[in-house]
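By letter and in written order, the chains are A, B and C; residue numbering begins at 1 in each of them.
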Amino acid sequence: MSDTGPIRPIRSLTIMLTLPAALVTTWWFISAGSQNFYFPPLQTILQTFLKVWLSPEALQNVIPSINRFFVGYLAAALLGLTVGIPIGASRHVRNLLEPMLEFFRAIPPPVLIPMLILFTGVGDEMKTLVIVFGCIWPVLLNTVAGVRALDEVLAEVVLSYRLSGFARLWYFVLPGASPQIFTGLRQSLSIGIILMVVSEMFAASNGIGFALVQYQRTFAIPEMWAGVIFLGIIGIMLSLIFRAFEAWILGWYHGLRRSQREN
Amino acid sequence: MPAKPAHGRVHLGARSLAWLEGFGGLVGLALLLEMAPRAGLVSPHYLPPFSAMIVALFEEMKSAVFWIALGATMRAWAIGFIISVATGTVIGILIGSSNILRMLTRSTIEFLRPIPSVALIPLAVLLFGSQIESTLILVVYASFWQVLIQVLYGVQDVDPVARETALSYGLGPWAQIRYVTWPTTLPYLMTGVRLAAAVSLILAVTSEVAIGSQGLGKEISDTQAGGAVAIMYAYVIVAGIIGVILNLLARALERWVLAWHPSMRLHIVEAGE
Amino acid sequence: MSFITRINMSILAAVISATLLGTMIDSVRAADKISVAVIPIADCAPIYLGKAKSFFLNHGLDVDLSTAGGGAMIIPGVLSGQVQMGFSNVTSLLIAQDKGLRFIGLAPGAASSGVRGQDFSAIIAPDDSPISSAKDFENKTIAVNTLNNIGDISIRAGVRAAGGDPAKVKFIEVPFPDVPPAISDHRLEAAWVVEPFLTIALSRGAKVVNWNLIEVAPKMMIAVYFTSEKYAKENPDIVKRFKAALIESLVYADAHPDEIRAIIPTFTRISPEIAAKITLPKWPAELNRQSTQVIADLALKDGMINKKANISALLP
C-alpha cells in the first residue's frame, strides 16, 4: 500500500461500507412494494424503529434489560475469577472438580430457566440468576486453564523472590492468565446477551425480549423487525465496548504477540 | 502406570489418581444432591433427592416420549450442525482466499456476528411456528459464525512462502486449496467444529424451551409446568450428558484428524475453550 | 399364442385387475390426513377423546394431533399451512383478524359454565389477602398468563362491573403453572389461573376473589378450533367433515366427564389424581357469537384492536 495522506483512511472507509451499503440498498428495493405480511418494506421497518425503539417509552424496556445483563455478567465474571483461580492453582482440586464442572457447563443455560423459576419465581432475580449461571462457566473454565498454564519457570522465579499472597496474584497470576481469562469473558458476553433476551421471552413484564415476544404475539411485524435490528445494535455496541476494554487491559500482550510474529 | 507396591502400600500414577479424584468429585456431588433435600436444606418440591431424579430418568426412558424428544433434539442438532459446518467452511475458504473479498466482507461479518440468534425467535415462530425449521434457523445462524471465523483465521494463517511456491509450480486454484490452504486451515476448522457442536446443542435446546418445538427442552419446560419436578431434573441431566458426550466426541475427532499435526497442538490450547 | 402364454397372460390380467380394484377400493376408503395443533391443557381433551373413539375416522379423517405453547404459536402455523386446523383462544384470533389475517372458526374449543363457584377459570389471591372482590383490584398488580389477551380483558370488565376504574389495575405476565407457588409464597398479590392450577392453588392456601370469565359474558366461549380462510375455501368438504366429527366429540365429551378425566393425563403432564379433582370446562356444540362480540367490543375499548371486528366472517 503506497497511499499516503488522507487518501488511505477514505479508501478503507469506502471498502468497509461498500458491502453493507449494497445489502441494505438491495433489501430496501426488493422489499419496497412488499405485500408479504411477514416481510414488510424496509422503509416501514426503519420508520417503526425510530418511532418505537428510539422513543422514551422504549427505555422502559431497554433499561431493565441492560441492567440485568450487567449485574449478571459482572457477578459471573467476579465469581468465575474468584473460584477459578484457586481451582486452577491446585492440581488435586482441579482433578476433583473438573468432571463435575464439565458436566454443569454442558447443560444448555436456558434449560436452567424452568429450574430457577421453581426456586425464585418469575421476577428479576430469576433473570439475573440465569445470566449468572450461564455466564460463569466460560469465565471459570478459562480462568482455570489460564492459571494452570502459567509459565513454571516464571513461577519459580516469583517464588525465589519471595513474592506471595496478593503481590503474587496481582503481578504474576492475573497478568499471566489474563489472555485466557479474556477469551472466557468474551464467550460469556455472547451467552449473556442470549440469556438476557431468552429469560425475558416468557414470564416477564419488561425487557427487550419481552417486547419482541409481545410484538410477535400481536402480529406487530414491523415493530418486531425493528426490535431485531435494535438487538443487533445492542450486541455490536456491547462487543465494541468489550473490545476497547480488552485492548486497554491486554495492550501489553497484544504488543508482545505482534512483535513475536513480526520477528 | 501403577508402580509396584512397596511395603504393602499402593502407588497410583498421576493419571489414575486424577481419574479417581474426578470420580470422587462426582460421587460427592451426588451425595450432596441426595442429602440436601432430605435434610431439609432445600425444599424437596424444588430439588428432589438425587435418587428420585435417577428413578424418574429410568422410568422416563421406558416411555416413547423420552426417545422421541431425544431424537428430535439430536435431529435438529445434526441437521443444523452439518449445514453450518458445510456453509461456514465453503464460504470461509472462498472469502479467505481473496484479499478483496475479505476486506469487503469484514465489516458485514463484524456487524452480523454479535446479533444474538435468539433475536430471530419471534420471526422464526411467525414463519414456522414450533416446527423444526424454527430451531434450525437459530442453530444454523449461531453455529455458522463459529465455523466461519475459525476458517477465516485458518486461511489467513497460510504460510506466504508455501503459497508462492504453489503459484510458481503453476497449481490451479483447486489444487492450491487442496495442498496449501486446506492443511493449514484444518486445525482451525476443527476448533470451529468443536465450538459449533456445542453451540448447536445449546441453541437447539434453547429453541425448544423458548418456542416449544419438540425435544428435550420442551420436555423440561412441560415437566416444570406440570409440576413433575423429578422428571424435569432427569431431562436436565440428560441434556448435560449429551453435551458432555458431544464435547468428548468433538475432541476425539480433533485429535484423530490432527494426529499428523503435532506443531498445531500449541495453537489449539491458545484458541481457548 | 401358445397355451402357456395364454395362461400367463390370464394370470397377469387377473393380478392387474385385482390390484386395480384393490387400489380403487382402498382410495375410496382411505382417510384424508390432516394435522391439528392444540395446546396440552384440559380444554383440548375432547379432540383427543374423539380421536380415540374413532369419530374422526368415521368421517374419513386421519387426524394427527400436535401440541404447541399457545394460540399465538398455533395461528402462524395454520396460516403457513404447516397444520391445517388449530385450537386458539378467541382474543388472539381477533387480534390477528385486526391485522388482516383471515380465519374461520369451526367449533367451540371450551367455554365457561356461567356458574359462579363452578368454573374452570378464576382470579385468586392468597388466603389471608385483604383483596376480596374486583373492586379491590385497583392499584394492585395482577398476574395473567399472557398480556393483551382475555386475562386483562376479563379483569378490567370485572373491575368496571364492580364500579371501579380499570385504568388503575396493573398487570404482569406469569405463566399459569408458576402461579400456585407464587401465591402461596405471597410473591403475587392476585393472579388469573385456569384448571388444573386453580385446584392446585386452592389446595395450597389461596382463595377465589373473582370468577373472571363470568364477568365478561354469559357462558363465555374462550377458545375455538379454527382454520385459515384459504384452507376452508380450497377444502370445503374436509372442513365440513372435520366440523361434524369435532362437534360429535364435544357433545360426547360434555356427556362423559369420567372418560375426559381419564384421557387428560395422556396428553398433558397433569397427574390422574389432579385430573380427577379439577373443574372441567363446558364443551358446547354451538359457537357463541354473542360472547365473542362482547370480547371484541372490550378489546376495541381496551385498545387491543384498532377497528371493529368482523364476527360474522370469523364465526360463520
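We adopt the following convention: contacts are C-beta pairs under 8 Å (C-beta built on N, C-alpha and C of every residue); 3 or more make two chains touch, one makes a residue touch a chain.
Note that the structure is predicted; figures quoted are calculated from it, not measured.
Asks: Give the chains in contact with both chain A and chain B, ordered by label.
Replies: C
Asks: May I ask which two chains are joined by the most contacting C-beta pairs?
Replies: Top of the contact-pair ranking: A-B.
Asks: Quick one: point me to the chain whose Cα centre is farthest from that of chain A.
Replies: The most remote chain is C.
Asks: On a C-alpha centroid basis, what's the spacing between chain A and chain B, in Å?
Replies: 18
Asks: On a C-alpha centroid basis, what's the spacing between chain B and chain C, in Å?
Replies: 38
Asks: Enumerate the residues of chain C that touch no fewer than two other chains.
Replies: In chain C, residues 72, 175, 181 touch at least two other chains, as defined above.
Asks: Could you say which residues in chain A touch two or more other chains, in rising order?
Replies: If we look for residues of chain A contacting two or more partner chains, we find 117-118, 202, 216, 219.
Asks: Can you list the chain B residues in contact with two or more other chains?
Replies: Within chain B, the residues that touch at least two other chains are 45, 125-127, 223-225.
Asks: Can you list the chain B residues touching chain C in their complex?
Replies: Its residues touching chain C are 45, 125-131, 211-212, 222-228.
Asks: Inside the complex, what are the residues of chain C that reach chain A?
Replies: Where chain C meets chain A, its residues are 72, 92, 95-96, 99-101, 146-148, 171-175, 178, 181-182, 185, 187, 304.
Asks: Which of the residues in chain A come into contact with chain B in the complex?
Replies: Contact set of chain A toward chain B: 15-20, 23, 38, 92, 95-100, 102-115, 117-119, 138, 141-142, 145, 149, 180, 183-184, 187, 190, 193-194, 197-198, 201-202, 209, 212-213, 215-216, 219, 221, 224-225, 227-228, 231-232, 235-236, 238-239.
Asks: What part of chain B is in contact with chain A in the complex they form?
Replies: Residues in contact with chain A: 17-18, 21-26, 28-29, 45-47, 103-108, 110-123, 125-127, 198, 201-202, 205-206, 209-210, 216-217, 220-221, 223-225, 229, 232-233, 236, 239-244, 246-247, 269, 272-273.
Asks: In the complex formed with chain B, which residues of chain C make contact?
Replies: Residue list for chain C touching chain B: 37, 40, 67-69, 72-74, 76-77, 80, 82-83, 175-177, 181, 200, 268-271.
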